[in-house]
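What follows is a set of structures to go through.
Look at the two complexes coming up: subunit A is in both, with subunit B in one and subunit C in the other.
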Partner chain A sequence: MKLLGLVAVIITGSLLLYASGDFPAWGDANSPANSNQQVSVRYIQDSYAKTKTPNEVTAVLADYRGFDTMFETVVIFVAGIAIIAILSFLGEPNKPRGGDIEEHPETPDLIIVQTCKLVIPIIQLFALYVVAHGHYSPGGGFQGGVMFGASLILWALACGLPAALKRLSEPRALVLSAIGIIIYAGWGFLCMLLGGNFLEYAFTDPLLPEGVEKAHSHGMLIVEIGVAFTVTAIMFVIYANLSSRGRLKGGL
Partner chain B sequence: MIWQFDIIILLFLVVTALISLRLKDLLGASIVFGIYSFLICLLWAEMGAVDVAFTEAAVGAGVSTVIMIATVYNTKRRSKD
Partner chain C sequence: MMLDHAMLANLIEDTVVPKINFWIYIILMMTGLYAMISKNNLIKKLIGMSIFQTAIILFYVSIGVKSGSGIPILGAETQREFHEVEHHNHEHDEHPEEFPDVYAYPTINPDDYANPLPHVLMLTAIVVGVSTLGLALAISQKIYHEYGSIEEDEILAQIKTRSDNDD
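Now for the complex of A and B:
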């Protein structure tokens, strides 16, 4: 079996190396991605004028390829659901495989808890900044959501999982993650209701009349907020389940 | 873009990737994998893909390392193969 795996890896790897010879040279001005008729040049030249979003990456991610990003968010949601499903399927909930894990016997360390109390608000504030400022500087829903989720995970590491679950219980986190996708898809359907295509932000202009270009920018912000909700909740749910074998007590 | 810097990071990248594959101790392997994520984040930041570098630093080096360590804690620490 090991030999078979090695042979498969070698064949796939040599095929990939062989195929990479057909790539255009790095930074080649005549390659399809860089030549004038292609989309990338249009993104660079037109994206600011059309969306009023200085960060082109966000403009492409949340506007030009908004449909793609919506399903990326759905993938994260499904990953969290799948982890819960697999871990609750393995054995009975009260008797995990491979022995029991001890519940936190000692009280959490004073210094660690106080440090976390100092640091976590700053992390969360920065995460909100990253989400809200995603179309002016690097960042956006995914990064900000992961950072917000990480602050919850830090609390779980410092005080034990039950303390963190008291702040954000698993059912509530799952509802929150579904709300994120509903915000994203709902904004798309709102565009349809107002007469456009799915996720065609220009048609939401009547809601906040600041011009069609600004409507793109607002649409991106709302979509990023939806992504951040989903990512925050799912990151925490994945950690809570994996660190406690799906039992949601004890844990690290 | 400083190509000497690129070469050094790429060298470390390959070394950490090989180490994390060869280590029998899964806790060590996941920590080395976190280092790998930080290095590739550096490489991306240096090549100008700041958004991707930010995602890699948050997801790859931050949360996924914690999640992997939590999983190792609940399974076996030694790898069998």
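Now for the complex of A and C:
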């Protein structure tokens, strides 16, 4: 089996290496993906005039490809729910999950807890900055959400899972992740109510200051906040379930 | 012997060096594929899947590179030019007799900025990759709970004996 796998891998790899001769050279500005006929040139040239967002990646992510990003967020949400569905019947089936949360048997280390208390607010503040400043610098809802989730996971690692679940219990995390998708899809439906297509941010102009182009920018911000809610909650749910084998107590 | 070395060096210089990024990604990808096919342990298979995924992410990002370009975020200078044009056109709308001209927005040279599209596609792929990996780990935990092992051959043997017992 191992030898067969190796042979298959070597054949596939040598075919791919042979084909790499036809690929464009490194940094070729006229390669098929970068040439003037491609849509990416339109993104680079038009996105600032149309959306007032200097970060082109955010403009493409949340505006031009808003549908795509919305369903990526839904994929994350569904993955979190599936993890809970798979793991919730492990362990003791007759006891409610996370019902009688006992205190962590070992007392958490003083130095670790104090360091975490010092570091976690800074991580969370930086995560909020990354979400809010994603239009002007690298960042956005996904990155900021993962950072915020990481701060909760850090607290769970330092003081045990029950302590972190007291801050953000699993049902509450699921509600939070659903709120994120409701914010995203709700903003799309609001655009429809105001006469546009789904996620056509220009039509929210009457509700927001500073004109049609800026409405795109603000719509992106709202959508990114929705993404950040979902990603934060689901990252924490994934950690909480995987680290405790679905029992939501004990943990690592 | 010296000639052979020179020929080999020329061959490498002609084929490998210009496409060194693709060679690295293909080798990385094949490492992941080998782990997915040949490893017996489910977690090692998942590690192989992650390596495979990383190779594809690197491949996409390297497609968007243009030599001499910067990150796909407009600089402060370009933003100011846009604002000046916009301010002027606003004045034109208010007082057409004082400001008769309408300025066009400055054109941006696309070669100055890296291609944003692969970055966007991979940004979402990374996060979705994390959640699918979490799902796969959850399924492995379920399998371990059911069969007491994450070695593929042991699981298959148990499945076989169980189905034989049912018959």
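Keep this in mind: the second predicted complex is superposed on the first by the 203 of 252 C-alpha atoms of A that agree within 3 Å, B and C clash if a C-alpha of one lies under 4 Å from a C-alpha of the other, contacts with A are read in each partner's own complex, and residues count from 1 in each chain.
In this text, a contact is a pair of C-beta atoms (placed from the backbone, for glycine too) under 8 Å apart; a residue touches a chain by one contact, two chains touch by 3 or more.
Remember, predicted model here, so these are calculated numbers, not experimental data.
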Contact-wise, after the overlay, does A:138 reach subunit B, subunit C, both or neither (first, second, both, neither)?
both
Please indicate which partner A:26 is in contact with in the superposed arrangement: first for subunit B, second for subunit C, both, or neither.
second
Is A:243 touching anything from subunit B or subunit C once the two structures are fitted on A? First, second, both or neither.
first
Pick one for A:39: touches subunit B only (first), subunit C only (second), both, or neither.
second
Counting touched residues of subunit A, say whether subunit B or subunit C comes out ahead.
C
Looking at the overlay, what does A:57 touch: subunit B (first), subunit C (second), both, or neither?
both
Examine A:220 and indicate which partner it touches, taking first as subunit B and second as subunit C; both and neither are also allowed.
neither
For A:164, is the partner it touches subunit B (first), subunit C (second), both, or none of the two (neither)?
neither
Please work out whether A:86 is in contact with subunit B alone, subunit C alone, both, or neither, and reply first, second, both or neither.
second
Just to be sure I read the superposition right, which of the two partners does A:147 touch: subunit B = first, subunit C = second, or both, or neither?
first
Both subunit B and subunit C touch subunit A at residues 2, 55, 57, 61, 138, 140, 142, 146, 235, 238, 242, 245
Would you pull the subunit B residues touching subunit A in the complex into a rising list?
50-51, 53-55, 58-59, 62-63, 66-67, 70-71, 73-76, 81
Residue ranges of subunit C in contact with subunit A within the complex:
15, 18-23, 26-27, 29-30, 33-34, 37-38, 62-69, 71-74, 78-79, 82, 105, 107-108, 110-111, 113, 115-120, 123-124, 126-128, 130-132, 134-135, 137-139, 141-142, 145
As the complex stands, subunit A meets subunit B at residues 2, 55, 57-58, 61, 98, 101, 138-140, 142-143, 146-147, 149-150, 153, 157, 235, 238-239, 242-245, 251-252
Help me check something: in the complex, which residues belonging to subunit A touch subunit C?
1-2, 5-6, 8-10, 12-13, 16-17, 20-21, 23-29, 31, 33-34, 36, 38-41, 43-45, 48-49, 54-57, 59-61, 65, 68-69, 72, 75-76, 79-80, 82-83, 86-87, 90, 136-138, 140, 142, 146, 231, 234-235, 238, 241-242, 245-246
